[in-house]
């Protein structure tokens, strides 16, 4: 066993990068669920974002255009979900699954011929003095800009949900759609917008994976991260800042596991690779067994269909 | 603008018609997809839906394949449909399918090269048990800790895939295989092989099991009080509790049944068509079966028909891949679209669509 | 009188299969409390939804201070000066009072300023509120205050109140009326929707009576008797169900110190609930919504289990048994929520008959359903309880509230219960169905069953019950004979103020 590759500082720095795709997808889904909709298609939207972002970045040579394209792609796919569940009243669980199954196929189709292609590089952000701080500098301040964008999104979502009128309306719609409708709020409009925001975030998360974290396109490269993001929303009790902490926790586990594999520890790689999924399950169990708290945290109308009578 | 009016009760006629409408819409949309890929849409659709059955050049090969592919899809989908009706979402059938296959294969490999009539039946039991046990994880976590069964069953698919990978290069690797990954060829081990029962029909024990499962499930759902309780729990959970249905029991029952069916399908696959345990023997039947279950409107007979249709798209897709160079992913997209359209046209059985004469809030 | 504040002229609104409002006209003057009176399903809700901009009428027009008024959304109605207090569905449990108020306003001030305003206004009108509390933790009466304060902060000219007293104790009703009269004295108008005749006679100076979507009468309710108003509302003379006083029999249902934690998010846990009901007795359990009614029903039906000896049926311990086993003992129940709890909305009536009748009526043999017997049972319920429906193949959700309720109650009664527990048996049900249901409950008791009627409608309880107990915050008062109970005493019991009733008895 080789512990030389085991530098805690490198590990901590890699953690933020590993966590960013999960965080982006989770914060998007969090907003969707706060509006009362359960979109299980995160995995499908992420992989779509990954491939759309990748092809767009390779074609234009600009990773940021790739990111934007990925957001558009994720949002477009999520719009199908929005139309199905909100306008056509389809079952949310089944529609979310459909999104994932479709996204996996669609991304494989679109990504043909892009395997092995190297995407344009995303420059690390130069934060000058901050980057030079010993220890904290490399851990916190020597990343690509998207890491900071994701943190900014979390903070913005938190502020928006807590302090703004439109954020309050979104929470109201998610808490009790009948009441929101009676007060004159457009339940379906709010929800479709939320769903598209979730799609854009998931798409961005996927593109981060294919453009920055890996960076490469391979079929099925999201490998369940979308599902982990869904679990993370439960873990976070639907609160943005907790979602961020949770994402970094998962990021840490991912990085640790990869490093253990690299260090040649005497557990077969396949078993180490299981650990993120097993730990996610464990976390879900712990979070959901505190029953009283859960019932307070979950949005009241989560997953229920809304049809305005009259 | 259109307006939806909820029907006083679901329309029986639309209930029947929607799957056909969805298939038709998928063909049209699929045609556009194939056109976008530079293929002639009419030829492609004919290749997928007509040639495997009626083109004399390929039908000899492809007709038997229909049952080979439909068998596991139907078996898994029938199992899933019971839970889906009850609002219990096992979407990890793929994982249960893998574990069932591994358990079945383990029995075969343990007895190799012994002969004995009891080996295959033991494998059947092991396969069903493996799938059942894997499904019991989300079931017990759900009943004990109220953990979401959707996420747990799905996450366990990834775990099962890793176990499969570990097994095919580790414990189950063929010792005489020159170090290549993959187990011994079970299909060539007579006591354990799940071979064709009637030559050139594709009929193997898995297809027989699927057939039995369809009949069993039909009786259970439509004649037995358990089927009534399943539907009640899915449609009105509170009314089900009031009627005396214990939710925890139902969760264990539905997840267990679907897990056992998926495990059986995996075992029949690995000892027959797939021949051996290899890292990618699974072919995503566990996920495609979700589409089959919905296409069959969660009705056992409907699922049998839907399974055949979905098998056709697999075989036709391969055919289109060879002759037209249609990418295999295009068929996956095609299947995904089918589910979208199914969910979309379902609105017709529960709502009346009217032209909106004036704005209503 | 000068120009009316709001006049409605020839308003018509049809839904597929029903005409909710047909050529409705009336007007409300400034500073007037105007009653809109009618049975459930008479078209009151449709009418006020049109006034509040939640739906658009098919024809007819409204004038606001003489100008055409056709709000396309509640926002426009609020801008004109119309505010509405809903009967249900307009508060958000997980949000605090201030946030809830803000959501009902079009341009709310910043939350901190708003909180101060809420304190100020709520105190000024005698309805004090703490703006930082979560709405889910408030009592039904306090929740209504939130709605009223939300309206008042917008300085409305017309306040619409939809069945406001159904969730209040008699004492709380007095407070509310004081507030409403204060509003009238400030020159505001109130459209007061109710089917409670005494309230309307006490509060309103004009009344418009709706029946089957049409205006059938206009009057000054202060000059009418309650009976006359009732006949205007229903169209026929009502007969009051009657039966001889009950003679004490053996105890069939006994509950001792039942404690249950509520499984619902903002539910009320039961604390040391005890009661006994004898053969032939009807026990009425009153209480404002959300004081443990659902939990009590679940604790009796077996949906929630407890200690074995907390619930006894004919002396047999049943507290640890589930619904099926309790039915076998003769304890049957009918919950409040018809669609989704007592019945499955999308299932047909045969299947809904099977829902509770499977074993007692032997509709299932060795696990297999006897479809013929199940249909016959459903048909028997339909016939015996006059359920208006084409037949047992119809989905439950296609029935009107009254017909479905007759089906649900009939389903239990035809199974010959020894103990029957019903929650809100006539909630949202038209008067003739309500009378039929009450009569059926009394007949059942007359034939020797023990009946528990949980209801928020005190008039109903006084009409059918022999004994009365009040549920407050999950605690049940000791039962007292209905004969000789005054409204004031009941109000005190509902408010949880009694406690020495044992000494009084």
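Order as written gives the chain letters A, B and C; numbering starts at 1 within each chain.
We take it that a contact is a pair of C-beta atoms (placed from the backbone, for glycine too) under 8 Å apart; a residue touches a chain by one contact, two chains touch by 3 or more.
Because the structure is a prediction, the values reported are computed rather than measured.
Participant: Graph shape for the chains shown, where an edge means the two chains touch. Line, ring, star, complete, or other?
Facilitator: Topology of touching chains reads as complete, every chain touching all others.
Participant: Pick the pair with more C-beta contacts: A-B or A-C?
Facilitator: A-B
Participant: Once you find the CA centre of chain B and the CA centre of chain C, what distance in Å lies between them?
Facilitator: That gives a centre separation of 47 Å.
Participant: For chain A and chain B, let me know how many angstrom lie between their CA-based centres, rounded off.
Facilitator: Those two chain centres are 28 Å apart.
Participant: Compute the distance, rounded to whole Å, between the mean C-alpha positions of chain A and chain C.
Facilitator: Centres of chain A and chain C (C-alpha means) sit 44 Å apart.
Participant: Give me the residues of chain B that touch two or more other chains.
Facilitator: Counting only residues that touch two or more other chains, chain B contributes 360-361.
Participant: Return the residues of chain A touching two or more other chains; collapse runs of consecutive numbers into ranges.
Facilitator: Expected reply: 184, 310.
Participant: Please output the residue numbers of chain C that touch at least 2 other chains, ranges allowed.
Facilitator: In chain C, the residues touching two or more other chains are 53-55, 73-74.
Participant: Of all residues in chain B, which touch chain A in the complex?
Facilitator: Residues 4, 6, 89, 91, 141, 144-148, 150-152, 154-159, 162-163, 165-166, 170, 287, 290-291, 294, 327, 329-337, 339-340, 343-344, 346-347, 350-351, 360-361 of chain B touch chain A in their complex.
Participant: Which of the residues in chain C come into contact with chain A in the complex?
Facilitator: Residues 15, 46, 49, 53-55, 73-75, 78, 86, 88-95, 99, 102-104, 108, 264-265 of chain C touch chain A in their complex.
Participant: Mind pulling up the chain C residues that touch chain B in the complex?
Facilitator: Residues 16, 53-56, 72-74, 301-303, 322-325, 327, 333, 335, 337, 340-348, 351, 354-356, 358, 364, 367-369, 394-395, 397-398.
Participant: Could you please specify the touching residues of chain A with respect to chain B in the complex?
Facilitator: For chain A paired with chain B, touching residues are 40, 80, 83-84, 88-91, 93-95, 97-98, 101-106, 108-109, 112, 181, 184, 223-224, 227-228, 230-231, 234, 268, 270-271, 273-274, 277-278, 280-281, 284-285, 288-289, 291, 294, 307-310.
Participant: Could you pull out which chain A residues touch chain C in their complex?
Facilitator: The touching residues are 165, 168-169, 171-172, 175-176, 178-180, 182-185, 295-296, 299-300, 310.
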